[in-house]
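Consider the two complexes below, in which subunit A is the common component and subunit B and subunit C are the respective partners.
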Partner chain A sequence: MNIFKAACKILLNNKMYFLMYVVFLGAIGVFVATGNTQGATSDEFVQNRADVAVIDRDGGALASGVTEAMASNATMVEVADTERSLQDAVAQGMVDCLIIVPEGYGETFVEAVRAGDEPPCVQTVASFDNMAGFEVENQLQMYLSCVAARTALSGEETAQEALSEAATAALDDMAEQTTASYAIEEGKASPLPDDFLLYNRWSVYPIVCAIGVLVTVTLAGFNRTDVRRRNLSAPVSSLSLSLGLSLASVVCMLITWVWFAGLGLVAFGGSLEGTDTWRVVLCLVDLFAYAVFALAFGFLLAQLGASVAVANSAANIVGLVLSFLGGAWIDIRLMGQTLETVGHFTPSYWHGQALVSIAQADGATWDALAPAIADMGIVFLFAAALFAVALVVGRVRLGNAGTKERASSDKSTPKEASVA
Partner chain B sequence: MGETAQRTPNDVVVEVSSLVKRYKETIALDHFNLSIRRGEVFGLLGPNGSGKTTAINCILQLLTYDKGAVRLFGEAMAPTRYDIKRRIGVVPQNLAVFEELTVRENIDYFCALYVSDKHRRRELVDEAISFVGLEGYERFRPKKLSGGLARRLNIACGIAHKPELIILDEPTVAVDPQSRNAILEGILRLNSEGSTIIYTSHYMEEVEEICSRIMIMDKGRGVANGTNAELKAMIGTGEKLRIQLVGDTGAPAFVAPLVRGGADVGADSPAEMEPAFMARIRRLPHTLRANIEGDVLEVDCAVGAHNLADVLAVLKEADVAFGRIYAEPPTLNDVFLEITGTELRD
Partner chain C sequence: MWNTFKYTTLYISREREILIWALAFPIILSTLFSLMFSGMDESVYATDLGVVVVEDEAWESDEAAVLREVMDAISEPGTAADEVGSLVAPHYVESEEDARRTLADTDAIAYLIVDEQGAPQLHMKLDPADSSLTQRQTVVKTVLDGALRTKAAVSDAVESHVRADVEQAARSGAFSPETFDVQALPTSVENWDQEASLSLDDASAASDVLMYVGIDVEALVEQALAATDAELTERVSITHNKPMESERYYYALLGMATLFTANIGMLGINRMLANTSSVGARRTLGAASRTRVMVATCAATWVLSFACLLVAYVYIRCAIGVTFGGKDAACVLALAASSLAGCMLGAFIGAIPGVSEGGKGGIITVIACFGALFAGLYGQACMSLADHIAAVAPWSVYVNPASLIARTFYSLYYYDSMVPYAESLAMLLVMAVVFLAGTALLARRQQHEHL
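Up next, the complex of A and B:
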């Protein structure tokens, strides 16, 4: 009990690490999750509207149709039709996409369609600042394809009449498609709020840092050769010494987990209103599984005899790599097959998969929850494997230390009485 | 100290018989024997690597050994003999405390490994703080303490539970002279209060100063064992004369080889470079060795002989002026040198 108390005192005396890794990084997680999902909840969809300018040099029905089609999904910006103004509009980011309908475009368009040729292109310039301009180009192509189809089917004699009818009909086609795509998005809406999910994913990094560093720093004091020698000279068994230290490490893990779980519940309490309780509880269990892995990681660092500086560096690097491969910042599916495959060998990936499985579960039944439970089980397995490695490393390291130290300075480390 | 002391039949606190410890091909302890009686301050003296710490670790069962037996307080020692361990205090060479805990918390932690009663422990911790003179520093962290104060904390952590047997492993390494004296005085006080002390060191002056019995170790073996006087009596040297030569003696600053019984200078030595009186000094009946070191004539004499007058007579006849003259008894280094053929501080 005394060993446990002393270890807890050492743990709690590392206030700076608590402030830095638990409190500060926890708060950063809340800001990141709030900032990245602001205005987006599971119930509503807010469309991002691109800034678009249409330069109409044709003045016909097709040019008007293009303007109208773009206006339905974008914010129209007035740009003067001069060379300087057009260059400035794109260069200064006034528009995400600039569309120029050249003179006589309508007539050329009808002739090409009726002749069965490829319709002529409209000049477009998309900004490289974001993807919105390219999305506008896609919509423009979609609209022109609709107009081309309608024109080909039109029975009107004159090009102007045919274009006028086709341009109007294509606008209706675009509206129908848009409505249909919204309906599909609503059907896929997550039952867990995005901000809470993102916060849970992002916590992968600070949890590894906090638990990894705090456990290492706590155990490092007890693992110093002379302190260990003094402890083992006392009437205390290795088992009770190890038990006391293990309990203190678990306390460290619990404090960190409770903090991150509590902070998430408090910060995103509003978003969580109406969410199934069992989903939230499972998310916290998933976070707990990951905290157990972080505990094993800290234990390994301690067994490796990592100094405070090494523990900090290692925990930060490993934390960042794991959060990256776990898809905390960018969806792992967007990063290519290789990285996704590598991600499978990290606990953070399975932590993220468990969150997805929890969100997609149809109900609180065994069948529905089995994927999430399996994912969490894999995280626990990672922790168990790391614990085993740490035990072996500790055994080997203490054994080597005994021989080496003897050879150099007559200071012997007990081989058979290592503190696990 | 030693309030729970129990008298063993022959009053032997530590008994080590034929201890052998090997590290692969290296023999760290070679049939090492040791017997320490209650109330002794026992010094284990030897150069680095002589096996002192290995012997201590084996006695404490922190290391397994290949052969031999260790008995403490008359009973066979084993790693799980917590009843015996409870009667021992250990002060390692390096600072073995927690940086994150205060002075009081550190002492309390190590004391609590031996004493579970909270109230009793509080008294013991207070006594230990007072004993090592750390009053006023109770709330300090070890990093805030000077080197000497940190050493005292290290000692307090090992003695707070009032052990009967205290093992101090080179407690004065890298300590300033003032703190060193305080530590040595403290050790003698612990002994006067009833504790048996095992003191390992490679500082012969300290061992001579405080130890009632001394074992000299070399290459894992106890090469000599006895009181300070007994050890010095083991060797032939009884008195070392040191005479400062004044003026031009014609003697270069060189060390003559070891010459016994007034024999001639060895063939390798540049005898012709020595002043003529050196040969006469070496031929004196009780001279063991004679050298000139700088401007000091060093003459080692046999036990019981007082041939200062003879040496001075030779110098007068040779018309050599001399200044300061002093005689000193042999040191443990001389004992070590004569027994092992090497310097203790090699």
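Up next, the complex of A and C:
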């Protein structure tokens, strides 16, 4: 019990890591996931809304029509008409597509269409999300085509009147839509809210860092040569020492898991309303499995004799690598086949897969839950494998330490003899 | 002073843990990034989108003729946004049941069926694991919407034009009950405004009648369609280089790597202090002034961190192939300023009295993680968050070294003007001076009860 108490004291002395990796990064996870509802929330298909900014340098009816037409299918973003603002908007992906309506565009457009000439073009600037940019360009081309068709057949009215009428009427044309729905049975859409799923995926990085660093720092305190010698010579059995340290590590893991699980439930409680309880419970079990893996990782670091600096660096690098390869931050399907294959060899990938399997399960039956349970089982197996490696590493290091000690004592003996 | 510089460089070089992580971190992560982003920058184009089409009687009917043309057109090579592949890869099946099965078993994103009136209906696949699925489905839907919208615009424009012509003809007397035999029109055309359905034959008959009084409906339709055929949008570029999502992750990575090299500055100054190491105690008692020792120590740590970052830069530039806009000299200058700011930050933390070396290392890790988070290193969501914060509070970039470093490289890549780059560089130097002043204030006149 004294060992456990001492380990807990070491943990308490490292509150800074707890604050940073658990409290702060947990809050960031909530912030990042909040409002993320890109998936289906009903059986009705909701199309993607690109971020669009219209830079109106014309000020006419056609430019207003373009803005209105785009607003019905996209999220409008305000961007100042300065060179730097426009560059920032596309470079940072603040907008998927920037639409620039040049000065005098409407007038030139009417004249060209009525004369049967090639009309001038509206300029578009796509950001790095080319798919969304392409979609916006399609919408824009459609709207301008409708205006062109109506303007071409306009009567004797003035150019401004014709354009104004055509721009307004084309907005009605844009209301025409293909009927679209999900190819699923009614009520099957979105069993788990997207924001909660994203939060659980995002937690991969802070959990590895938090548990990895805290466990290493705690165990490293006992691995210091003097402390170790003292403990080995103290009337404490090896079993008692190991149990105390293991208990402290498990407590550290449990605190982290409870924090992340609780934060997720509190922050996304509104989104989770109406969600099956068993799905939420399974998500938390999945998070627990990942926390166990992080515990094994921390144990391995400690067995390797990592210092605080090394533990921090290693946990950050491993956390980042696992997050990316597991598709926690960027969809792994976007990374190509090779990386997707490599991702299969990471626990973070199976943690994410388990979340998908939980979301896709038809009901709380063994058959339906088998894929989710298998995915979580793989995460537990990763933890077991890493734990076994850590034990072997510890054993090897202990053996080497003994050899080194013997070697150093062998070296010192002749010196001492000669002095004598 | 030279000796202090030389031996500080030597003993920090022997701290392999610090140097390995300063070098290993950017090299490991940039290698991972290169593997990840090689596919990502290309996959943003919608190409060969699998659509299952139910090829039944309704699909073959006259009502679906336009839809068939559209589907054939977007299946041609060169119709995708990358102007190489085809936008859609259709897979034809005979029944809706087959379509459902094919949708479930293949990479198809939707199936398309036409109802009796010829109206298209899309049934989308639902896959929570595929974040870009909705976007790809939207692209397909938008193209099909286009066919409906153009049809609606052309029909309405022609109808309005014909109505206006008929009214004018009636007013001018050229089109009067005496010259126009209403009985010649089919009943359905006579009653079209009472929502009677018009067959193609009826429309053709009506068109003949209108032609008789000088209104050529077909010519009007062709005129309207010709107007819709024109290319009305033009993609232009307004940035110095093409926007690439992956580039910014490398900039944020360099920001975090720089903050990791702050450990070198911390180590140098921490061990210079009288009560932290035997070297520090010796130096304090030595003949060299504190100022000279501190300047030499800072210079040595800066040279080491600059060297680490330079190796990382050369690796990212040459082995990974990140272009950095091709401005290598400016990038090296940016690295020099970045490493100076990072090093001085480390020196400032190293000079804090009463905190162990491990504790100071922890503080740097905390700063590095926070900094990298707000520089957008941790994925798309964080990058958006970082951009949002930078837009709402522009000053936040100037207090976060990682953001400022990322911004410096960003300025070089995207802006035509070198002014934003020079501004960022100046801010990095100001940051370095502030930290150096802080270090001097903390390290001077420290008194120790015992050494």
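Basically, the second predicted complex is superposed on the first by the 257 of 420 C-alpha atoms of A that agree within 3 Å, B and C clash if a C-alpha of one lies under 4 Å from a C-alpha of the other, contacts with A are read in each partner's own complex, and residues count from 1 in each chain.
Throughout what follows, a contact is a pair of C-beta atoms (placed from the backbone, for glycine too) under 8 Å apart; a residue touches a chain by one contact, two chains touch by 3 or more.
Since this is a predicted model, take the numbers as computed values, not measurements.
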Subunit A: partner with more touched residues, subunit B or subunit C
C
Under the stated touch criterion, which partner chain does A:Cys283 make contact with: subunit B (first), subunit C (second), both, or neither?
neither
Is A:Thr338 touching anything from subunit B or subunit C once the two structures are fitted on A? First, second, both or neither.
second
In the overlaid three-chain picture, which partner chain does A:Val292 touch, first (subunit B) or second (subunit C), both, or neither?
neither
Answer with first, second, both or neither: which of subunit B and subunit C does A:Thr151 touch in the superposed model?
second
Should A:Leu197 be classified as contacting the first partner (subunit B), the second (subunit C), both, or neither?
second
Determine, under the contact definition given at the top, whether A:Arg229 touches first (subunit B), second (subunit C), both, or neither.
first
Which of the two partners, first being subunit B and second being subunit C, lies in contact with A:Ala69: first, second, both, or neither?
neither
Intersection of subunit A residues contacting subunit B with those contacting subunit C?
14
Tell me, which parts of subunit B touch subunit A in their complex?
23-24, 26, 28, 48-54, 57, 60, 62-64, 79-80, 82-83, 85-86, 88, 90, 92-101, 105, 109-110, 112-114, 116, 157-158
In the complex, subunit C residues that touch subunit A
17-18, 21, 24-25, 28-29, 32-33, 35-41, 43-46, 81-82, 100, 103, 110-111, 119-126, 128-132, 134-139, 141-146, 148-154, 156-158, 160-161, 164, 220, 223-228, 230-239, 243-245, 248, 260, 263, 358, 361-363, 365-366, 368-370, 373, 377-385, 387, 391, 410, 413-415, 420
What does subunit A use to touch subunit C in their complex?
14, 16-17, 20-21, 24-25, 28, 31-33, 36, 38-40, 45-48, 83-84, 86-88, 90-94, 98, 100, 113, 116, 118-119, 121-135, 137-142, 144-146, 148-153, 155, 169-170, 172-174, 176-184, 188-190, 192, 194, 197-198, 202, 205, 209, 307-310, 312-313, 316-317, 320-321, 323-325, 328-331, 333-339, 342, 352-353, 356, 359-360
Touching residues on subunit A, where the partner in the complex is subunit B
2-3, 6, 9-10, 13-14, 221, 224-227, 229-237, 402-403, 406-407, 409-412, 414-417
